[in-house]
Amino acid sequence: MLIHEFQAKALLKELGVAVPAGYLAETADEVRLAAEKLGGQVILKAQILSGGRGKAGGIVVADSSDQAGLAATRLLGRKLITAQSGGRGLVVKKLLVEELVPPAREIYLSLVVDRKNEKLAALVSVRGGVEIEELAKSGPQAIKKEYFYPERGLMPFQARNLAYFLDLPDAAYKTFLDYLKKLSKFFLARDMKLLEINPLIIKADNQLVAADIKMDFDDSGLARQPEISSLEDWSELSAEEKRARSFKLNYVKMAGHIGCLVNGAGLAMATMDIIKLFGGEPANFLDIGGGVTEEAVGQAFEILACDQEVKACLVNIFGGIVRCDLVARGLVSSARKIALNKPVVVRLQGTNEAEGRKILGEANLPFYFVEDFEQAARLVVNLSQP
Amino acid sequence: MSILLDRNSRILIQGITGQQASFHTERMLEYGTKVVAGVTPGKGGRLHLGLPVFNTVEQAIRQEAPNISIVFVPPLAAADAVMEAAAGGLKLIVCITEGIPNLDMLKAKRFLAEQGSFLIGPNTPGLISPGQGKAGIMPASIHRPGPVGLISRSGTLTYEAVYQLSQLGLGQSTAIGIGGDPIVGLKFVELLEMFKSDSQTEAVLMIGEIGGQAEEEAAEYLRQSNYPKPVAAYVAGLTAPRGKRLGHAGAIIEGNEGSAQDKVKCLAAAGAKIIENPAWIGQTVRELMTEKKGN
Amino acid sequence: MLIHEFQAKALLKELGVAVPAGYLAETADEVRLAAEKLGGQVILKAQILSGGRGKAGGIVVADSSDQAGLAATRLLGRKLITAQSGGRGLVVKKLLVEELVPPAREIYLSLVVDRKNEKLAALVSVRGGVEIEELAKSGPQAIKKEYFYPERGLMPFQARNLAYFLDLPDAAYKTFLDYLKKLSKFFLARDMKLLEINPLIIKADNQLVAADIKMDFDDSGLARQPEISSLEDWSELSAEEKRARSFKLNYVKMAGHIGCLVNGAGLAMATMDIIKLFGGEPANFLDIGGGVTEEAVGQAFEILACDQEVKACLVNIFGGIVRCDLVARGLVSSARKIALNKPVVVRLQGTNEAEGRKILGEANLPFYFVEDFEQAARLVVNLSQP
Amino acid sequence: MSILLDRNSRILIQGITGQQASFHTERMLEYGTKVVAGVTPGKGGRLHLGLPVFNTVEQAIRQEAPNISIVFVPPLAAADAVMEAAAGGLKLIVCITEGIPNLDMLKAKRFLAEQGSFLIGPNTPGLISPGQGKAGIMPASIHRPGPVGLISRSGTLTYEAVYQLSQLGLGQSTAIGIGGDPIVGLKFVELLEMFKSDSQTEAVLMIGEIGGQAEEEAAEYLRQSNYPKPVAAYVAGLTAPRGKRLGHAGAIIEGNEGSAQDKVKCLAAAGAKIIENPAWIGQTVRELMTEKKGN
């Protein structure tokens, strides 16, 4: 789970890591006021849950409070399309108004779960403010990594190795070690996946300030992190995504016209792939999961069937834990409720498949039964064409 | 033969009194699997589904000598249950539970490595050696004994693959779900290595998906080991968008890593037969096996 | 470093582990008052830093506040000689006055650094209130042990293994796990060597109460445990021991008549052994340590020379880090100051031995030089005889 | 030969700019030991005693390729320094520091085991292979090259033993202080094993003391290995009282364990020649070696 920059900065401040002075604002007037308090010259940062805001025009420097107000007017309510936001883009509802921190140097610091090596890693770079993945290719000698384990945490000598690699001024060295100790403990205590400070600014007076921060938490850890869970922002989710989330459905909206309702993430991906293979475009990824209820199946179906973009649906169920009859019942009651008027191709295999087919067959609704995976895909692609 | 699980395996169910665990324990028993005991703290001394229930794995091992444990314990207690099984001396632990925090799994894997225990999962349907035993939650009816070793990161897609194989008369030696999480136990490499020396296994089918590097590592292994058995591979998620998690906690293309295209490229270069279409899994494996026999 | 029972109980209470209601008292009046507050029937426990208080008469049950006052009069100021207190015994200055907790069952719980296995161990026994070492011989099947490491701590399944071994009533099970978790964290956070609750009482209502507690802390950890260090009780040390402690001298008083001043613990022990071998009795163990100053050598020498029991001294120095001339200067200035009137056998070897001998030789004091270890021991034994 | 340390050893000094470290580094250099670098965080880039100083062990290893590190770092930072050396890849680490907390040492030992590094100490005078090199703080002048391997839990008592040996013309192959703390690195067993295959070593002298079980373990090892070289042993603390710590953090008789009497009994039963009197160490070793040659 990603949290907003202003939320991450509040957490860091609490921890004793310096961040720029700043205010959160939701209107141009608030932005103007904040800029005045901060002395006029400020940076405005769109608070959306996505990287790449700068390139998308979501970060603006203003020289005066009036200029800040003007820029805010342009930014607030605007849709930002970033490299990571997906085609729809994200609406800017909040701005973080911050003092400008003049850097003597900018460095990079991150902590991450390295799934390939099955370790945790602390990463620094002598160059901050650039994308670390690009730097890893263009200048790997500018990066240093120390691996560690959750039981032991980052050890003092590892922190020193990183600090001396960065060739910090003496006066910044102790602060850096202090930050790194606090951050690595926080990372472990809060079930994080990624904590990235980029850039970490070294000011002329050797103060260290975390100018930009990204925090990503392990979704599986949220159940024991009430404080972090409470930071979740549902406002960026579409109505369908919210509905899916509240019924524990794994739903990701995409750009196509064929709705997919599948049990199991792998089969759901394969279903999307086969649709594409036969010239269709999936409208979504949807895994109803193993513990799904009849009601949740209905909700899932409604999300697809009521989507204007969706022209036809493919239901592909391989019953294991999930029983086909339960899915069928969910489909039928939902289709009745919404007066289904789109073609739906249904494939049911596995646990209670016969009962499932029977329920659907007796429902007198626009369901097409297909047993073969390939035929089902071909059919739904055909049915989706205008 | 088969790998990891055979008719002599003695199964322990951790969290046996839970609803899912109860349901699947019954299915395993129906399949003829030797489930010998269960553990649920606080319910020791009872019988459940005719099986003795113990408070601790230690007690269960002392009384019933299981050699495989299947963990159905809730996510925040599951890593501890896995470590309990390893501390008790069990060498194979199958963790069905989904949603275990990453940090818990990192700790558990280190502990298991010290104890010399193997883990399958978490977030896995488990494994089955058709006709011999079932240690997991897959529907038994679709499986047939036979020559194909199956390793998969997925659940229902595995059932689909097994279904296609069995429809064509191709049975399975052992079918294993390695789990859809970012941190899992045994992966393709270790299991390919086991299938290599299993006499029943004539070909291996790998079902991969986006995220992580397990398929790339497998490709590297196939190449370096000059793998002696034919390998077919399907990788799900060719249409997956970057940066979006698709269901499985591990199924996400992060930065420049983990796309299905890359994985397919690596596996093809390593000599695996790539299955382009998820509806052709069975027939591709059949063709592959026929070709190789022809050689 | 051992701390008193009342100190240990205060720490546990803070931690959320139940202890009997009680008051610390230093006079019979205070004891009477405390007993009244506790409802008359109480247990009085002498607060001395030693086990075996019960057998030595340091624990008394009183049925009324008057009886409690009377018992206190007998206990306060009395010298208790326990199995562990050494021959001198320890004077009772404080009493812990506690409510009597009626046990339904008594169990045993301890956490310890197991130096043989280089692990930490959590130990329980179904029988509490008995000495664990005796039980380990007579009834080892009543004891269960779980090993753990500081990085991981005691794991939940290990705590369950111990709890189920004890066959606790359901209502006490959760409390036991909670206590064990808190205690094992405390043990690690506070650099402990031993934490023993014996007995841990299970009351009829299934409440768990720590009736007696022993806490021993790693001396080497005290530098980072200011809170624990502040609990150190110097009042039980003799004047000589206090003096030695304040000059960082390792000094242990014994029953004999030959004072030993040595550098290095092993050589100091060997020096005591050889004195005994030739029929003498060492009056002390004294290792002046490697970082000793001239002043500290002087203090060490004064402690021995001013001890009425000491009839002769043996100074045995093998210079390494410690220089013989430094030791010689310390001896001479101290001997002059106290007008030394006891024979002192001196053996100097190693770093700057010649300079050392010269300084002592020129001092015109009752020093006997011997080069050979055995001769030095024989001589000091002879000189110590009346 | 000798064990662990010879004339090719390249020594790193951690905490080199401290007073004690400086003094002893000079003594080691005087002895002809190849001290090649030092580490003190914050003082990297300087020269100290003519040696390059680095901020981290990692940098020192990259530049000067030491293979042994000697740690003179203060107690609360020493375990971290030891782990830093091991992480850097050094296989032998000698920790002179006294007063390291038990829990720190437990952690460090686990880390070193993972890294495959050996530790001598802490709270040790170090080790010396006379005529070849000195990695510690013992007075060099008393040592002579020769046939006796020496393993000791003590500092100055070791000097006394060496002095007695050298007086009688009995030199030492390597003399090692294993340290006086409750948790130390290499102990009698591992070092006896090394001396077993060292061609220079004809006999081994063990200096034990009260506390712990290291001498009992050594006795067990001698017995089981049917140790091929003559072993003499002195154990200090026959007159020690129970429950009182005598100087060393490890020198305490706890409960029923660790008395000198028990240790002497075990070692004698295992065939070691017991030295009754600390003044007879040299002559007893001489007698032992003469006897064995007579056989």
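Note that the chains take the letters A, B, C and D in the order they are written out, and that residue 1 is the start of every chain.
Going forward, a residue touches a chain if its C-beta (ideal position, glycine included) is under 8 Å from a C-beta of that chain, and two chains touch if they have at least 3 such contacts.
Only a predicted model underlies this, so the values are computations on that prediction, with no experimental measurement involved.
C-beta contact counts were set side by side for B-C and A-B; A-B has more. In this assembly, the chain whose C-alpha centre lies farthest from chain B is C. Chain A and chain D, compared by their mean Cα positions, are separated by 56 Å.
Chain B has its Cα centroid 28 Å from the Cα centroid of chain A. Between the Cα centres of chain B and chain D there is a gap of 50 Å. Multi-chain contact residues of chain B (touching two or more other chains) are listed as 107. Among all residues of chain A, those that touch two or more other chains are 151-152.
Contacts between chains form some other arrangement here, matching none of path, ring, star or all-to-all. By the touch rule above, chain A contacts chain B in their complex via residues 84, 86, 113, 115-116, 118-120, 133, 149-151, 188, 191, 193, 218-221, 223-224, 250, 252, 254, 262-277, 282, 285, 287, 289-290, 318-321, 349-351, 372-374, 377. Chain D meets chain C in the complex at residues 20, 75-76, 98-103, 106-107, 109-110, 125, 137-139, 142, 152-160, 163, 180, 182-183, 207, 209-210, 212-213, 234, 236-251, 255-257, 260, 276-280. Chain contact summary for the complex, chain A toward chain C: residues 151-152. Those residues of chain D that touch chain A in the shared complex are 41-42, 44, 55-59, 77, 80-81, 83-84, 87, 107, 111.
Remark: chain C residues 152, 155-158, 160-161, 164, 170, 173 touch chain B in the complex.
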